[in-house]
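Consider the two complexes below, in which chain A is the common component and chain B and chain C are the respective partners.
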Partner chain A sequence: MSQQDAYGYAVARIRAMENRFLDASVLQRMIDAEDLATALKILGETSYSSALTSHVSDQDFDKMLEFELQAIYKEVESFIPNKKLLDLLRYQYDFHNVKVLIKSVFNVATGGEKRWDFLTSLGSYPVDTLINDIELEEYKFLPFGLNNLIPECISIWEQSRDVLEVERLLDNRMYALMKEIAFDLDIPEALNWIRTRIDGENIRSLLRLKRFNFDATRALSFMHCGGKIDTGMLVSLIVEPFESWKRSLEFTEFGKGISSIDGTVSFSEMILLLEKFLDDFYLDKLASSRFSSNAPENILAYLWHKEMEVKNVRMILVAKTSGGDKEQLRRLLRNV
Partner chain B sequence: MAKILNVNPNRMELSKLKKSLIVAKRGHKLLKDKQDALVKEFLIRARVVYQLRQEIEEELALCYAGFLLARAQTLPQMLEQTLMCASGDMRVEVVFANIMSVRVPRFTFPEQHVELNYGLGTSPGSLDVALEQFLTLMPKLVELAAEEKAVKSMALEIEKTRRRVNALEHVMIPNSIETVRSISMKLDEAERSTLSRLMVIKDIVRAH
Partner chain C sequence: METLIETMSTQLGPMLVVLGAALAVGIAGTGSAQGIGIANEAAAGVMTEDPSKFGYCLVLLALPGTQGIYGLLVAVLALQKAGLLGGVAVAFTMWQGLGILFACLPIAIVGYYSAVWQGKSSAATILMISKHPEQIGKAVILPAMVETYAVFGLLVSILMLNGIKL
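On to the complex of A and B.
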């Protein structure tokens, strides 16, 4: 059976699951809800009801959202032909877990404590195995090329106490791994999507580094290789104001979206708009797959859509807990 | 009601008591002046602290709003992980000033620079803004801490001085005055008694 045929069944299941997405009216009702309890009640009328019933406290909504996301990953994992496709979206959680464990090692070395409570079960690699391997220093068993990277990170930290450098190495590895897996999957659209994400992440990082007054040479090490935009060209923009980035990035796929961001607003506003644009753009990139009944990128589109939905719900619930501004919330919602 | 002190009613005690009464009255005046000055200074500082606290609370609310924005956009564990290894070195130097015998702290906060010390890959951009806002607010928070500590120390000192003034005004001075009066009366009585005894003796001597 060809790869395209193998994904026919998975896409059909995905189409059925897509009906469970929250529509804009539900999100709107949640935004307009008086308090957290009312918002959760509205959420209880949707596909999130099973996740909600398993969590008692209203303040526990983060656990509930994690549970929902995990259930979705498990369900999709059960019927897709190649689980590696799923890993493209789960590596961020795996690397988060690795960061928690490695920072716990640093904390213990400086008299602090381990914070395993920050670990998440959303990753593709079992958390218990990861803890065991890092705690017992059995690095050779670690996946994702971490067998060499973790000792390197520990060595860097012992010599310079430079956590930023450790995080940079781990982030670089994460994006390199995503690209490797996308390449191995032999799905050109998935590879294309990952390259777009790398470019998007590079642009986002560049804007943040510009704020921290990094020069081009230093910023270059923070750029992830494998995107479509040359990182050398990208870092040269760091000395220019954001307004002129539009002109320089006009030829790229981000050109139109970047142009829509007002360069005169404050950085806080600008980064929020950029992150929203990027999140929406990654979904738009996969939109054409909807017209195919067996395109594997439908899986990616569904999972990314779900991630954004959970993000939207989290934003609304956090705003309800803290009395956040409704208008600002509406502007930040992804894919609505 | 004033109480007579338990002392021997003799001239030496009377003289001692009169001297201590003069010292007590002078001390009372000085303490009263100190109390008035402290209250005046306290009110000025309390108003400043109140204003400063209001300003800071407003700014703090903005900081927390920024932080909430970051927290809303990612898993809470991811946000906590990002801030797990804070490598920033924040120092505050303290010197003490003496305001009317109250030790008031003065904090000097060397200029802090925003240093990136967390990964960009798994952290939201709004976190940068929230952390910078907190860092900008930090000198003001330290200033508020110093001012509030000064106000608190002054309030304690006012309370202490007020007790001393009251003790002098309502206990020590009236008791001393009463004791002086009592001793003086007793001494006068003894003098009169001696005089009359002498007169009786003189009459007896004359009769013989």
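On to the complex of A and C.
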């Protein structure tokens, strides 16, 4: 049986699971809800009800959303032919956990405290084992090449106190791993998607670095290899205003979307708009798989859609807690 | 040597007819089994989420099964024509037997490929009814278009069988 044929059942099930997605009217009602309790009550009428009942406190919605995502990952993992496909999305959580743990180590060393409350169970590697290995400095048991990378990160921090450099090294490793997995899976569309994500991440990093007045040479070290856009060309944009980025990136797949971002707004607003565009763009990149009844990318598309849905719900609930502006919220919601 | 050739020419005819019938049932049937298998995977996926869609799925996954029935029909007609299903024995030459074998090929070949593609097509429309069950009418028509070519294969096989005079 070819790899594609093996996904016939999985894609059909995914397609049926898509009926559980929240529709726009539910999100609209949540935005218009008076307070957090009302928004959660609306959410309780949807497929999130089981996640909601397992969490008693209204303020605990982050854990509830993590529970919902975890349940989806577990469900999808139970029926897809190759579990490695999920790693393309779960590595970001693994590396998030590693960053949290390493920063906790740094914090403790400087008299601060551990922030294990930021850890997530969504990664592919068990969090407890990760904590244990890093706390006991048993790095040799760590996966993803972290056995060498973590001592290197600690050594860099001890010498320079440069947390950005540590994050850069970890992100580099993460994207290299994602590319490796996509290559091993022998799914060209997945590899292409990862390369697009690397480019997107590079553009996002560049805009953030521009905000902090980084120069091209320093910015280059923050670019991840393996994308489709030449990193040398990208960093040369850092000295130019955002409006000229549109012209320079016109020939890339991001061209049309980047052009739609208003370059006259503040940096933080621009970064938010770019992040929204990128999240939507990654989903659009997988959209063509919808016409195939057995394309493995359908699994990625479903999971990314779910991730964006959870992101939307989180944004609404946070806005309800902090009294955020409804119009601003509507503008930033992902198109799912 | 002459006796051997004479025996072969009288017995090879019925053997070719049997081979033709076997190919019609075997190849078209294999295609149907494969096609139903493909559609079945999709149906199982959808029904895991929503078992109430069984009725819709059954209609769609049964579609690739018709090619196997066409193969069976042609095989029975071929065997009957050659008098191999009982009744009065029919005498025919090796060339007439070869003709019947060829007559069985259209449904065997077209039946196989159309069943597999119809299975894929049914799988795609099963995904469609998982979201829009009200579109079942359209969902049946799409894979049924593939059926046209299996019907052509059946028709030509029957015409060829009828055209062979024993």
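Here is the rule we use: the second predicted complex is superposed on the first by the 335 of 336 C-alpha atoms of A that agree within 3 Å, B and C clash if a C-alpha of one lies under 4 Å from a C-alpha of the other, contacts with A are read in each partner's own complex, and residues count from 1 in each chain.
Everything below uses one rule, namely that a contact is a pair of C-beta atoms (placed from the backbone, for glycine too) under 8 Å apart; a residue touches a chain by one contact, two chains touch by 3 or more.
Values in this document were obtained by computation on a predicted structure and should not be read as measured data.
Superposition of the two complexes onto chain A shows chain B and chain C fitting side by side, with no clash. Residue contacts after overlaying the shared chain place A:Ala182 against neither chain B nor chain C. In the overlay built on the shared chain, the residue A:Ile229 is in contact with neither chain B nor chain C.
The partner of chain A that touches more of its residues, comparing chain B with chain C, is B.
Seen from the CA centre of chain A, chain B and chain C lie at an angle of 160° in the overlaid model, rounded to the nearest 10. Of the two partner chains placed by superposition, only chain C is touched by A:Tyr9; chain B is not. Touch criterion not met for A:Leu300: it reaches neither chain B nor chain C. When the shared chain is aligned, chain C comes close enough to touch A:Met17, but chain B does not.
When both complexes are overlaid on chain A, the residue A:Arg115 reaches chain B alone and has no touch with chain C. Using the contact criterion defined above for the overlaid structures, shared-chain residue A:Leu207 touches chain B, although it does not reach chain C. In the composite built from the two structures, the nearest CA pair linking chain B and chain C is 29 Å apart. In the complex of the two chains, the chain C residues touching chain A come out as 38, 41-46, 48-50, 53, 120, 123-124, 126-127, 130-131. Those residues of chain A that touch chain C in the shared complex are 5, 8-19, 79, 293-294. Only residues 62, 66, 92, 95-96, 99-100, 103-104, 106-107, 115, 117-120, 122, 161-164, 167-168, 170-171, 174-175, 201, 204-205, 207-209, 211-212, 214, 222, 267-268, 271-272, 274-275, 311, 314-315, 318-319, 322, 324, 332 of chain A touch chain B when the two sit together in their complex.
Within the complex, the chain B residues that touch chain A are 64-66, 68-69, 71-73, 75-78, 80-81, 84-85, 87, 114-122, 124-126, 128-129.
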